[in-house]
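Before anything else, here is the set of structures, which you'll find just below.
After this come two complexes, each holding chain A, first together with chain B and then together with chain C.
What follows is the complex of A and B.
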């Protein structure tokens, strides 16, 4: 039972990282209909920035500064690279974001070097007793932070004027434009939000083990998360992220007992298998919008 | 119609394989140059070009599914891997470490590699038929990760990560093409082999896309709903596109490592898929010649950047310095993709079209 609880908390902890990343993907998708493959690079850049800043301005300060800097970076990328492509096929834009990802990642890697960099978080691998099971503090922090950030985001979309504008753009760009919503700034803002979320997620990934050049792979786990949840659904992104985290963690713990033929480390790719299964049943994800098409 | 070579009086003439005189001249010229090349340049360049030709076969395959049929696939690395391992296992000798069947005849393992990959393409296609756009892109991306896992763990087939196994044995009519003999060096033979195969597969692909099937692909790409209304069987043609594309990928995968001789499961990562996407997009989506240009360009890119330190002193050739060639190379992929898509969406093929049109009416370019 302890083992199960530990595994579950670990899953929810990493799952909340995926949720943050998935929220970024979905926010960009809802406003621009594009999946930004640049998220992994922003995540990596955020973690690296924190590793440089935290000795100077404390860990919490570094996280805040990094989130803002990466948000501005993402906004800049949107303005310079993505804005000229408005109205082009989504696939082309998505591929451009792959290009952005490669460029940002290579530049960031130059700042990492060959060593593992520490982000200077206060938790490390310390454990705490939770409902009778020893769990790592950092997972609890991740879950709590994600809950707060997600609640804040939902409130922002629900109650603020800009949030309303973003929902309007997600609903229908042209109508929103006709109502006086500045669609351009909504695009920019959604990229900035996604960048900030990615930076935060990057810091969480780097707690414990530190930052190395392979960190970005983690961000790709958010892709099955958004597909499972449905591309248009913010709630789906959170659910999908947590599901992916828990599935990964439970497979890591128990798969050797009941399905050793899948090979060790199958947990790492289990989310992709789950994604295929979900899509076979529901081609638009669990909470995605079924597209009504007409000629 | 003498003296008026570009006057077409039938659809057949317009859609002919090489429908204009300049095209015939250029194609003939390029083939002759390519055939003379092995006797003019050094072996290491020949190896690079041979790899480029193989990559071109793979890029043509990706172009069929993505450029012509409009189904975005990031899973090309997976199909390349299927082909590579089918061929290696069929042609390799049975050792204690890895399985092998010792069928070294090239046509047999090449066809088998293509067919097995095509089979997997058909298996994946039903998912693809139900999904569209970016959902499909992410699912095919998931395929790469699942494939990587299987190839990492199935060590009796793949040799395991970091170790790998020898690539397929290229033996044609009893002659080992990867060993020097009295007339040719290994590099020359492999170059010629890859070139001939590229011509064969290029011609086949060109014929496919200018046929009824190719027109159906284009209709599905441009608007699948409209295509189904005018009677294009969406399921059939999407499955067909995936099957053909995977066949090409399987063939390319089987040959890709023949030049180097060795490969390990780590080769088939997402990066490989992105490289093929880059080939198609930089070359020009929806054109066969574009895919070939893009593949050669991407394959030669590392070589070009490696020459740069001699010209630009601030780029260093080893791992120290402001910018190393490796960083430059990686950045160039990204930058080239971005620049091409923003400035010239038709890719290298589009640049060629513009150059051609400029000179066609020169000096009256208005």
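What follows is the complex of A and C.
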């Protein structure tokens, strides 16, 4: 039972990271219909920034400042690089985000230097007893933080004026524009929110061993998460991210005992296998919007 | 003449020009009666010490921007620039100076890009002073052999011992792992071994060496392949924790190694880890996994680290004042010695053509590494069986050491590597 609980908490912890990243992908997609491949670079940049700031302004202060700075950076990228592409095919814009990702990562890599950098988090690999099982504190912090951030985001979209405007734009850009909503501001804010979330996710990834220039690869796990959850659903992004983390962890722990014939490292493939299963049953994801097209 | 016809002639001329590789440049007589062809000019190098000397151009293809080995590749490249500058300051080779700054290309650790940039510089260089990575270099290997383009690898796979155009230095990953298992069996009494490694030449070569040594000694052996990425180490961690081997031979990147060591220790694993040299980065001593790394980890290394006292190490430190100590610099510097020896031999033979350099390589029965490797290293005239260098060192983490590691075992050869017959690459 302890082993199961430990594996579950590990899965939910890493799943929280995937959820934060997936939320960023979905927020941008809902407002602009574009999947932004620049998220990995913002994640890396956030972690690197925290590694510089945490010795100066404490870890918590560094995370807050980094989230804001990366949000402003993402907003700036949207205003300067992507805004001129409004109206162009979304495929073209998505390709441009790949270019943004490469540029931001190359610049960020220059700040990593030769040594692995540390974000200076207070938890390290310390453990705490949780429901009778020894689990790492950092996983509990990841789960709690993601829960708070998700609740905050839902409240923002439900109750704030600009949040409602973002939902309106997600439903229909032209109608929202006709009602006086600044669609451009919504685009910019979407990128800013996604940038801040990516920075937070990057910091959590780096709590285990540090920041190197390969940290960005983790962001790719958000892709099965958003497909499983549904591209238009914030709740789906959270559920998808947590599902990917838990499936990965439980398969890693138990697959060798119960299904060794699946081969080594099936835990890494399991989220993608699950994604295919979900696509077979619900092609638009568990919580996605069913597309209806008039022919 | 119609525009269409002009376009056809222009395109034809371009095609012919692009087909003309450097390898078929006709040999000419250069300075001092030395025969030269591609990559050697009568004109001085761009930053020549002596403008009256000609220039030997060497190419560098490395992982300089966004690939996974940038943190090693950049110091390797910088060290080699410093190495050849020192050669030029000392008078050059055969009336020529050597330039390694004009043809430096980024491969992003991608075999396709590696081949593409190689084709771009191939016609302009005599040899490659660096071709970083095993899979990337394999991508151009047929061309290197055909040209022939003598090349210095920045990797340690056992394949290089079987390729005469490749000038490898130090023990390969296979030998390192054999020696690590032998050391652990004799000094630590390990009975079970697990190889946790990335797929591909790097990890597979080390895992093969560990398996060979474990089987020879009658130890139990487990093979676990893992994918790069901090979030992808769950399977390896679970395998280590559940099988509880006495020794884990690690062949991954540094942060992945730290995740595996830190997380397995946090889950109660008390066995030992010995990682090949690319698993180490001094920054890990500040990571949350540092206590576990200090308690459980050792590093095998093909040569001694930055702060060692030898003629070569001292020259290296003098040539790179003010840099943060990093054994990427050490590696780049050591790797350059065989090519220097080959060029000197070729110049002495009055033949600095590509074929002449390869012929010179075949005449090298040892290379003077200025004390950075033991005498006898760099035997390129012998068969792979006799030429493979079988000694390496072992280090342990140490906060006080400049590169974070301190010597535990000087150059040694275990019984497995000593007796092993290298008739093919270990992983094949």
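In this text, the second predicted complex is superposed on the first by the 292 of 295 C-alpha atoms of A that agree within 3 Å, B and C clash if a C-alpha of one lies under 4 Å from a C-alpha of the other, contacts with A are read in each partner's own complex, and residues count from 1 in each chain.
Heads up, the rule we're going with is that a residue touches a chain if its C-beta (ideal position, glycine included) is under 8 Å from a C-beta of that chain, and two chains touch if they have at least 3 such contacts.
Note that the structure is predicted; figures quoted are calculated from it, not measured.
Asker: Evaluate whether chain B and chain C can sit on chain A together after superposition, giving fit or clash.
Answerer: Superposition check on chain A flags a clash between chain B and chain C.
Asker: Quick one: classify A:249 as touching chain B (first), chain C (second), both or neither.
Answerer: In the superposition, A:249 touches chain C alone.
Asker: Once the structures are superposed on A, label A:86 by its partner contacts, choosing first (chain B), second (chain C), both or neither.
Answerer: Touch status of A:86: no partner.
Asker: With both complexes overlaid on chain A, does A:212 touch chain B (first), chain C (second), both or neither?
Answerer: Second partner only, chain C.
Asker: Just to be sure I read the superposition right, which of the two partners does A:57 touch: chain B = first, chain C = second, or both, or neither?
Answerer: Neither chain B nor chain C is touched by A:57.
Asker: Looking at A:35, would you say it contacts chain B, chain C, both, or neither? Reply first, second, both or neither.
Answerer: Only chain B; A:35 stays clear of chain C.
Asker: What is the contact status of A:264 with respect to chain B (first) and chain C (second): first, second, both, or neither?
Answerer: The answer is both, since A:264 touches chain B and chain C.
Asker: Classify the contacts of A:14 with the two partner chains as first (chain B alone), second (chain C alone), both, or neither.
Answerer: second
Asker: Applying the touch criterion given at the start, work out whether A:116 contacts chain B, chain C, both or neither, answering first, second, both or neither.
Answerer: A:116: touches chain C, not chain B.
Asker: Report for A:102: first if it touches chain B alone, second if chain C alone, otherwise both or neither.
Answerer: A:102 contacts both chain B and chain C.
Asker: Both chain B and chain C contact which residues of chain A?
Answerer: 102, 106, 109, 264-266, 268.
Asker: Can you name the residues of chain C that touch chain A in the complex?
Answerer: Residues in contact with chain A: 65-66, 68, 70-71, 74-75, 224-232, 234-235, 237-239, 242, 253-256, 258-259, 262-263, 265-267, 281-284, 286-289, 292, 324, 326, 328.
Asker: Which of the residues in chain A end up touching chain C in this complex?
Answerer: Touching chain C: residues 6, 10, 14, 17, 102, 105-106, 109, 112-118, 121, 123-125, 127, 136, 205, 207-210, 212-215, 217-218, 221, 248-249, 252-253, 256, 264-268 of chain A.
Asker: Note which residues of chain B are touching chain A in the complex, please.
Answerer: Interface residues on chain B, with respect to chain A: 72, 127, 130-131, 133-135, 137-139, 141-143, 145-146, 148-150, 152-154, 223, 225-226, 229, 270, 274, 277, 281, 327, 330-331, 333-338, 341-342, 345.
Asker: Residue numbers of chain A touching chain B in their complex, please.
Answerer: Within the complex, chain A contacts chain B at residues 29, 34-35, 81, 84-85, 88, 90-92, 94-96, 98-103, 106-107, 109-110, 220, 223-224, 226-227, 231, 263-266, 268-269, 272-273, 275-276, 279-280, 283-284, 293-295.
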